[in-house]
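You will see two complexes here that share chain A, one where it goes with chain B and one where it goes with chain C.
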Partner chain A sequence: MVQIIGIWVASLLTLCIFSFLYKDNPFYKFAEHLFVGVSAGYWAMYSWYNILVPNLGRPLFIEHEFILVIPLILGILMLLRLFPKVGWLSRWPLAFIVGMTSGYYLVTFLQTNALEQARATIIPLNHINNIILIIGVLTGLLYFFFSTRHKGGIGFAARIGRMFLMVAFGASFGYTVMARISLLIGRMYFLLGEWLHII
Partner chain B sequence: MLDKLLKIDRRIIFSIIGIVVIIAILFPMGLVVHVSEPVEKIYREIESLSPDSYVFLSFDYDPASMAELDPLALAVIRHCFRKDLKIVSLGLWPQGVLLGQANLEIAAEEYGKEYGIDFANLGYKTGGIVVISGISTNLRDIFPQDYIGNNVDSLPMLDGINNLDPFKLIITFSAGDPGVRHWVMIAQARYGKKIGLGSTAVQAPAFYPYLQANQLVGLAGGMKGAAEYEQLIKIPGLATAGMDAQSLAHLVIVLFIIFGNVIFLLKKRSSSS
Partner chain C sequence: MILLFLIASFSISAYDTPNDAGSSITLKFSSSLPFISGEVMRKNSDGEFERMASICSSDSSWMDNFTVDGVEYFYKIVLTTEEGIVTSETVSAVSSPQWFHKGRTIMLVMVILVCGFILFFIREARGGKELYVRPIAGIEALDEAVGRATELGRPIMFITGIMDMDDLQTIAGITILRRVAKKAAEYEAQVLVPTSRSLVMTAAQETVKEAYYDAGRPDIFNPDNIFYLTDDQFGFAAGCDGIMVREKPGAIFFMGSFYAESLILAETGHSTGAIQIAGTAMPSQLPFFVTACDYTLIGEEFFAASAYLSRDPLQLGSLKGQDWGKLIFFALIVVGTVLMTFGITVIRNILMVR
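Presenting the complex of A and B:
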């Protein structure tokens, strides 16, 4: 019985959201506000029971891992943003997060997204795909080289680079369309199958 | 007339696409799904593993991406269980844990697999890249308990499993960050692990460079990737069923794009003359 109610609620809310395709309306607004409210409640409870209690509360207050006093203080400082007079203190934990994340990412990000990618372009020109790849990389980089006018040979190469970029954007757009249609198909299967039982 | 055609109400386009999708679902045509090499590479990688090898699955998505990633996750899990591989999973996204668990339970029932012996779900831990880094060196430090609070020491399949070393393959079902980017940055780049990617279609093009640079062993993008994987394991599922609707909807969009461009050119010509 609970499952049937759940399916009906999910189906009606899906239709409320779909109604926006016609125009903005109270049903859509209702579903939208409900979603925001439920999400906020869900995340508040989830964060408490799955993040704060197991990672901070239990280890600090039951297992006495006192080193965790430091993140506790940083967390409290972060909340001071809510009080304008002492809000500046929230910059300290923020600085810690920015510094830690930068340090953590710098080397690995450079390695995986720059060095490895550059290395993958050092390939023999014995196959049409490899040749296209090299031309695409070089002309694409040239398109973003702004220290000289894009005229003559450089202009021609930059135009080819722009064509490669357009192909990439087109592929990306095609994939995006596919993703959105997939979501529609998923919802349709739910409505026609689990709700209406006609498939 | 041309002006009218150029300004077709978008609701007409939405309606046509909606109707086409519904018709394709109600009356399936069974259009052929061709398997692409990036998807086949994941399949071959799993095929090459011997029974009782350990595979790590990371469910890094939420209900918004279920339609694309759930069918792929289920197909990969079925393949792993069919090969008698041991699965350990986690979620870098909190809701991914239960979505993944639901798929694990479906496949476990089909193949007679038991929780704690054949598969385990470590649950969610906040931190993304830091979690991956942590489990790469000491899994129990980061996950002393599984997703329902069992002590990981009580799960027989995790005896002697202390980090990512025993895992022959890691597959992430990724809908964004944290996800594949971080698995590649830590597990692949730092520890040399093999990473397979099941991705939402939106972000799939961004990760083809990883595939080309051998930072990924394979890539399955969106519902199409899932349908290809279902073809490979010969168990058609939701993704295969959705391919008719997907193809027809794409056809309608292509026709609208051509139609729009033709009308635009005709209008341009008539206004210049």
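Presenting the complex of A and C:
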């Protein structure tokens, strides 16, 4: 019985969301507000039980890992935004997060997005596919040179690079649209199969 | 006699695992004789040998990841062969952490080179040298979009993606938000910033507030225009869609890290008739923004935007320095490919990070 009610609720909410395809309407508004509210509540509980309690509460107050006092203080500073007189203190944890992130990802990105990519691009020019790949990478790289005027030979190469990018985007677009259609098929299968038992 | 021969044909060595944070010893062994089963035995200086792992004939090494740094451990391998039990000689090793990972030397070199270029060009820019940045269509349209929204009497909507402040794209989006908000403040327009992360909301509120102060219009700053919706990806998309169709913003900016919600957002924005400018470094989402938006900042154009807009020497110098970094990679690929064609793999090997 509970399962049947669940299927009916999910199906009606799906139709409410699909009604947006016609235009904004009270059914969509209801589903939208319900979705946003429920998901916000869900993520609040998720953060409490899966992030704060296991990563801060338990290690600090039960296992006495006092180093965790630092993130606790940073978190409290963040909450000081609620008090206008001392709200400026919330900039400190923000500055810490932004600075730490930039430094941390410098090494990660240099390895994965630069060194590994460059290494994978170094291939022998013994096949037409390899030659196209090299031309695409080098001209694409030239397109992303910002401190040089894109005129003459560099401009021509940058235009070729842009063409390669657009071809890649087109292929990616088609691929993703196909994936989205499979999601739609899944939803239609739910409506017509599990709910209406037509198929 | 047979056992002596078996021992002679079985070699074993133990050493501290290189390039690690300690607590690990590597055992290398080789046997020219087939064996039915084998066991790795370990003891410290005052204990008894105890079994640590089983090995099979295809194994040639085993890593002990449960050692205490500075303590000497003794290892031997006991093999069961058809002729009987064979025990290897006992070897010992001490584990210790290494300060420097030799397999990542190339990373150090590249970081020094790129950072060196950036610092050099920042110095040049601060010294008054004019650094050129090529025009980027999407960036030049930012002011136009804000102006158009103001003329229509509609708000501006700015979405910083669905990731948190630990994502560089979100940080870049917040930087562009400052410029957009300042321009909006000058035109007395309102900027709506729905966010999917509480930290992003905090950062966006600070940024927009400062932008309104910079423009000399703190009186029209409304903190309620920068608000949190939900962490949920599609809940956030549904919420943004609702705002788009109800508030009908004159300009919509998508600047940050986006995933599957990108087309839902961009398509809804397009249907409201708003001028749309997107910027992201997510390769899988760029095609959707290119299709549904008026202008798209592709990949690094997005990161270059703030330097282009602000003309700040610090950011211009960084941009120029990064260009030189790209030039190094360009050269490495060209030289490496030519050498690779002739079977020389030296450049490819140099770029290997372990």
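Here is the rule we go by: the second predicted complex is superposed on the first by the 182 of 199 C-alpha atoms of A that agree within 3 Å, B and C clash if a C-alpha of one lies under 4 Å from a C-alpha of the other, contacts with A are read in each partner's own complex, and residues count from 1 in each chain.
Heads up, the rule we're going with is that a contact is a pair of C-beta atoms (placed from the backbone, for glycine too) under 8 Å apart; a residue touches a chain by one contact, two chains touch by 3 or more.
Because the structure is a prediction, the values reported are computed rather than measured.
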Q) Which of the two partners, first being chain B and second being chain C, lies in contact with A:E32: first, second, both, or neither? A) second
Q: Check whether A:I7 is in contact with chain B, with chain C, with both or with neither, and answer first, second, both or neither.
A: neither
Q: Kindly classify A:S90 by the partners it touches after superposition: chain B alone (first), chain C alone (second), both, or neither?
A: second
Q: Pick one for A:L21: touches chain B only (first), chain C only (second), both, or neither.
A: first
Q: Give the label of whichever partner, chain B or chain C, reaches more residues of chain A.
A: C
Q: Tell me which partner A:G186 touches in the superposition: chain B (first), chain C (second), both or neither.
A: first
Q) Should A:S172 be classified as contacting the first partner (chain B), the second (chain C), both, or neither? A) both
Q: Name the contact category of A:E116: first (chain B only), second (chain C only), both, or neither.
A: both
(Q) In the overlaid three-chain picture, which partner chain does A:I51 touch, first (chain B) or second (chain C), both, or neither? (A) first
Q: Identify the partner contact of A:S102: answer first if only chain B is touched, second if only chain C is, both if each is, neither if none is.
A: second
Q: Could you tell me which stretches of chain A are touched by chain B in one complex and by chain C in the other?
A: 105, 109, 111, 116, 119, 168, 172, 176
Q.
Which stretch or stretches of chain A touch chain C in the complex?
A. 17, 20, 23-24, 28-29, 31-32, 35-40, 42-43, 47, 78, 81, 90-91, 94, 97-98, 101-102, 105-107, 109-111, 114-116, 118-119, 121-126, 134, 137-138, 141-142, 144-150, 165-166, 168-170, 172-173, 176, 180
Q | Partner chain A, residues of chain C touching it in the complex | A | 106-107, 110-111, 114, 131-134, 136, 165-168, 171, 199, 202-203, 205-206, 228-232, 234-236, 238-239, 241-242, 245-246, 260, 263, 283-284, 286-288, 290-291, 298-301, 304, 307-308, 319-320, 323, 325-327, 329-330, 332-334, 336-338, 340-341, 343, 347-348, 351-353
Q: Provide the residue numbers of chain B that touch chain A in the complex, in ascending order.
A: 11, 14, 17-18, 21-22, 25-26, 64, 66-68, 94, 124-126, 129-130, 145, 181, 184-186, 188-190, 200-202, 204-206, 209-210, 212-215, 221-224, 238, 241-242, 245-246, 249-250, 253
Q | Of chain A, residues touching chain B in the complex | A | 21-22, 46, 50-51, 54-55, 104-105, 108-109, 111-112, 116-117, 119-120, 133, 168, 171-172, 175-179, 181-189, 192, 198-199
